[in-house]
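Both complexes shown next keep subunit A, but they swap its partner, so subunit B is in the first and subunit C is in the second.
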Partner chain A sequence: MISADSLTELVFLVLAGITVLGALIATNAKRLIRAVSGLAVCLIGVAGLYYFLHSPFVALMEMLIYVGAVCVTIVFAVMMAEPFPERHAKISPLSGYLSFAVAILVFVGVAGLGVKTAWKAAGSTVNSGALIEVGKSLLTTNSMVFELISIVLLLAIIGSVALARAGREK
Partner chain B sequence: MNSQLLYNSLELYLVIGALLFAIGFYGILSGRTFISMLISSELVLSGASINFMAFNRFLAPDPTVGQIFTLFIMAIAAAEAAIALSIIIAVYRNYKSIDTDEMVELKG
Partner chain C sequence: MGNYTELLRLLAYLVGIIAFAALNAAYLVWLERKEAAHIQRRIGPKEVGPYGLLQPLADGIKLMTKQLIVPAGADVILFKVAPLLILAPAIASFVTIPFSETLVARNINLGLLMIFAFASLNVMGVLIGGWGSNNKYAVISAARAVSQNVAYEIPMLITAITMVMVAGTMNLNEIVMQQPNIFKWYIFRFTASPLMPVAFLIFFICSLAETNRAPFDMAEAESELVAGAYTEYSGMGFGVFFMGEYANVVIGCSLATILFLGGWQSPFGVPADAHWSLFLFKPGILWFLIKLYLLCFTVIWVRWTYPRTQFYGLLNLSWKYLIPISLFNLLLTGAMLKVFQS
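Entry: the complex of A and B
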């Protein structure tokens, strides 16, 4: 008999698995379009993990912004600037192993730090962390950052249009 | 709430975040094209976001701060992707290539 807890645990493990699997596809695929698909799979898994972390709103925003907008933008860029897979400049055969070794070191260091530290939870929380509290905090405590982010996004839109238009006559 | 369950342990989320960070790091270092490096940098940002959300859920006294920080990371990542992709397209127009190993004009 499967209990509800073990079923939830199974869903969590599947989500963690597709997160890591998607990340591996995104970095190791030969063709760029497969790498973008791997990134989308990975980000869907990350959205599921956010759901497990009691933040359904952030999970939905992750799906909307990352999977919906960023991945589609990268797909458009791949269509406009498709590299020729056969024409690779020769690279040092050592560079793959070196970056693998560096990545292993980074993982062991960061994960070891996270596991070994005795984290202390806060005794009590000032609010429940629900969506209504997030909205209140966005419009009171963090309103300055909220407005600055909108300026950054506006500048990014204008800048990317200006950059992509330059040299269009060629 | 049973704290023995797998999805209620802070350490597991930290390990997943570190794994995403390391995979993205490997992708940035070994990326063949600019777009694959951009994809890997999104993985690095996701790993950092998972860490923020995990600390927010398990340790933070104000559990809205981590969610808002993650939302801001998403907005910055979207702006970064838009700028980076338009730079990549401008590079492709000039060089007809987005291979990282062919951009050697500044090499002495």
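Entry: the complex of A and C
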């Protein structure tokens, strides 16, 4: 007999496993394109975790923006580079003691933060998707951040236009 | 017990959706061949079964018996994963499409967003397949597919946002419920914006381009690129790609049906006294399928009527016409909603 709790745990473990597996592929793959694919797998796992945590809106946005836009852009950039660029130096991400120590410190710090913070309970049920709350807070409490993001995007667009123009004259 | 019926319901829907996607792929190929033939004054498939109706079965068996060849120098894992990356998101998108008022696997409130999120994975499949097969035509085709998809995703999303503003929800079933008869279909909802038919046209053109259908099939232009990103795929590898493509066509058409043409609602509306209501007046899956396949028919019709555009023409159409018009429509709709419905 499968209880609901053990099923939930199983789902969580599978999602966490997908995330970790993707991250490992992203850092250990020899071919750049495989690393990006690993990143995509990792991000899909993260999106699944968001869904698991009752926020489908964030999960879908994660898919739409990070997998659908960011990863595609990176793959596109890789295609512009040389074909099948094998990594020349064989460096394992676990080789440097210092980096290992830093990784452990970060892990302990984040885990400690996660355990000790008094988390607020989620404000809405699953099916509402928290869409209205997100919209309201974007246009009231966090409207400053929202406007600043638009300025960053505007700068990025102007920058890319300037770069493209400069390239055309050369 | 409740958990088990829910589980069974989900399983039944999953099997149904996969069968629906596969059947659609098979019979849209048949429709495509038949329609192309009649447009070109030929007969089309006629030997296998009546009107060639068993042709897809023969094609499927042929594809399954062929060897799956992985070309030398290809990235084996990516090469094999790519077709799945096109088919799986398409099947996942069917989960939230309301075929009738009750026939929907998971009626989530973010249905529209979910379909766009899964559709964005599509490009990744073409890219990985093109790159993984280590073939210059495939790589060129993948690069074209990305620039095309990025260009057409923008007007499509802007139009979708306009529709969400008018409807006030992203739940596909609720959007359909707001369009009970032909005068209230969003394509004719002139009180929301006089440009609604234009918005429908933009959405339809964008869904053609997003699914790489002619006249926007630059990504697999046979005369230049052999078979585009699918050049190196043989047997069922190619078959799965094809199924994914047709599944995406069906999803694009269902979305257009739901957003603009009233989904499963009957165009005549439900008469007040149900006594004389014929079967045709009933809203339901029948109307949804009629509208869906009329749109699919149009998609194929367009392919065999218009020649392939040039690549620059394609990007120009999006950046210089579709995006400005859809942005203007967004502004106009916002203004009209504020004036008439506040």
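Here is the rule we go by: the second predicted complex is superposed on the first by the 113 of 170 C-alpha atoms of A that agree within 3 Å, B and C clash if a C-alpha of one lies under 4 Å from a C-alpha of the other, contacts with A are read in each partner's own complex, and residues count from 1 in each chain.
In the analysis below, a contact is a pair of C-beta atoms (placed from the backbone, for glycine too) under 8 Å apart; a residue touches a chain by one contact, two chains touch by 3 or more.
Remember, it's a predicted structure, so these values are computed and weren't measured experimentally.
Contact with neither subunit B nor subunit C is seen for A:Val14 once the two complexes are overlaid on the shared chain.
When both complexes are overlaid on chain A, the residue A:Leu139 reaches neither subunit B nor subunit C.
By the document's definition of touching, of the two partners only subunit B reaches A:Leu39; subunit C does not. By the touch criterion defined above, A:Thr27 lies against subunit B but remains apart from subunit C after alignment on the C-alpha atoms of chain A.
Taking subunit B and subunit C in turn and counting the residues of subunit A each one touches, the greater count comes from B. Once chain A of one complex is fitted onto chain A of the other, the partner contacts of A:Gly68 are limited to subunit C, with no touch recorded for subunit B. In the superposition on chain A, A:Ile158 contacts neither subunit B nor subunit C.
In the superposed pair of complexes, A:Phe57 makes contact with subunit B and with subunit C alike. Counting contacts by the rule stated earlier, residues 57, 61, 69, 76, 78, 83-84, 127-129 of subunit A appear in both its interface with subunit B and its interface with subunit C.
Subunit A contributes residues 4, 31, 33-34, 37, 40, 56-57, 60-61, 63-64, 67-69, 71-72, 75-76, 78-79, 83-84, 127-129, 131 to its touches with subunit C in the complex. The touching residues of subunit C, when paired with subunit A in their complex, are 3, 75, 77-78, 81, 108-110, 113-114, 116-121, 123-124, 127-128, 131-132, 134, 139, 142-143, 146, 150, 170.
Within the complex, the subunit A residues that touch subunit B are 5, 8-9, 12-13, 16, 19-20, 23-24, 26-27, 32, 35-36, 39, 42-43, 46, 49-50, 52-55, 57-58, 61-62, 65-66, 69-70, 73-74, 76-78, 80-81, 83-84, 87-91, 95-96, 98-100, 102-104, 106-107, 110-111, 114-115, 119-129, 133-134, 136-138, 142, 145, 149, 152-153, 155-157, 159-161, 163-164, 166-168, 170. If you check the complex, the residues on subunit B that touch subunit A are 2, 5-7, 10-27, 29-30, 32-33, 35-36, 38-40, 42-43, 46, 49-51, 53-54, 56-65, 67-68, 70-72, 74-83, 85-90, 92-94, 97-99, 101-102.
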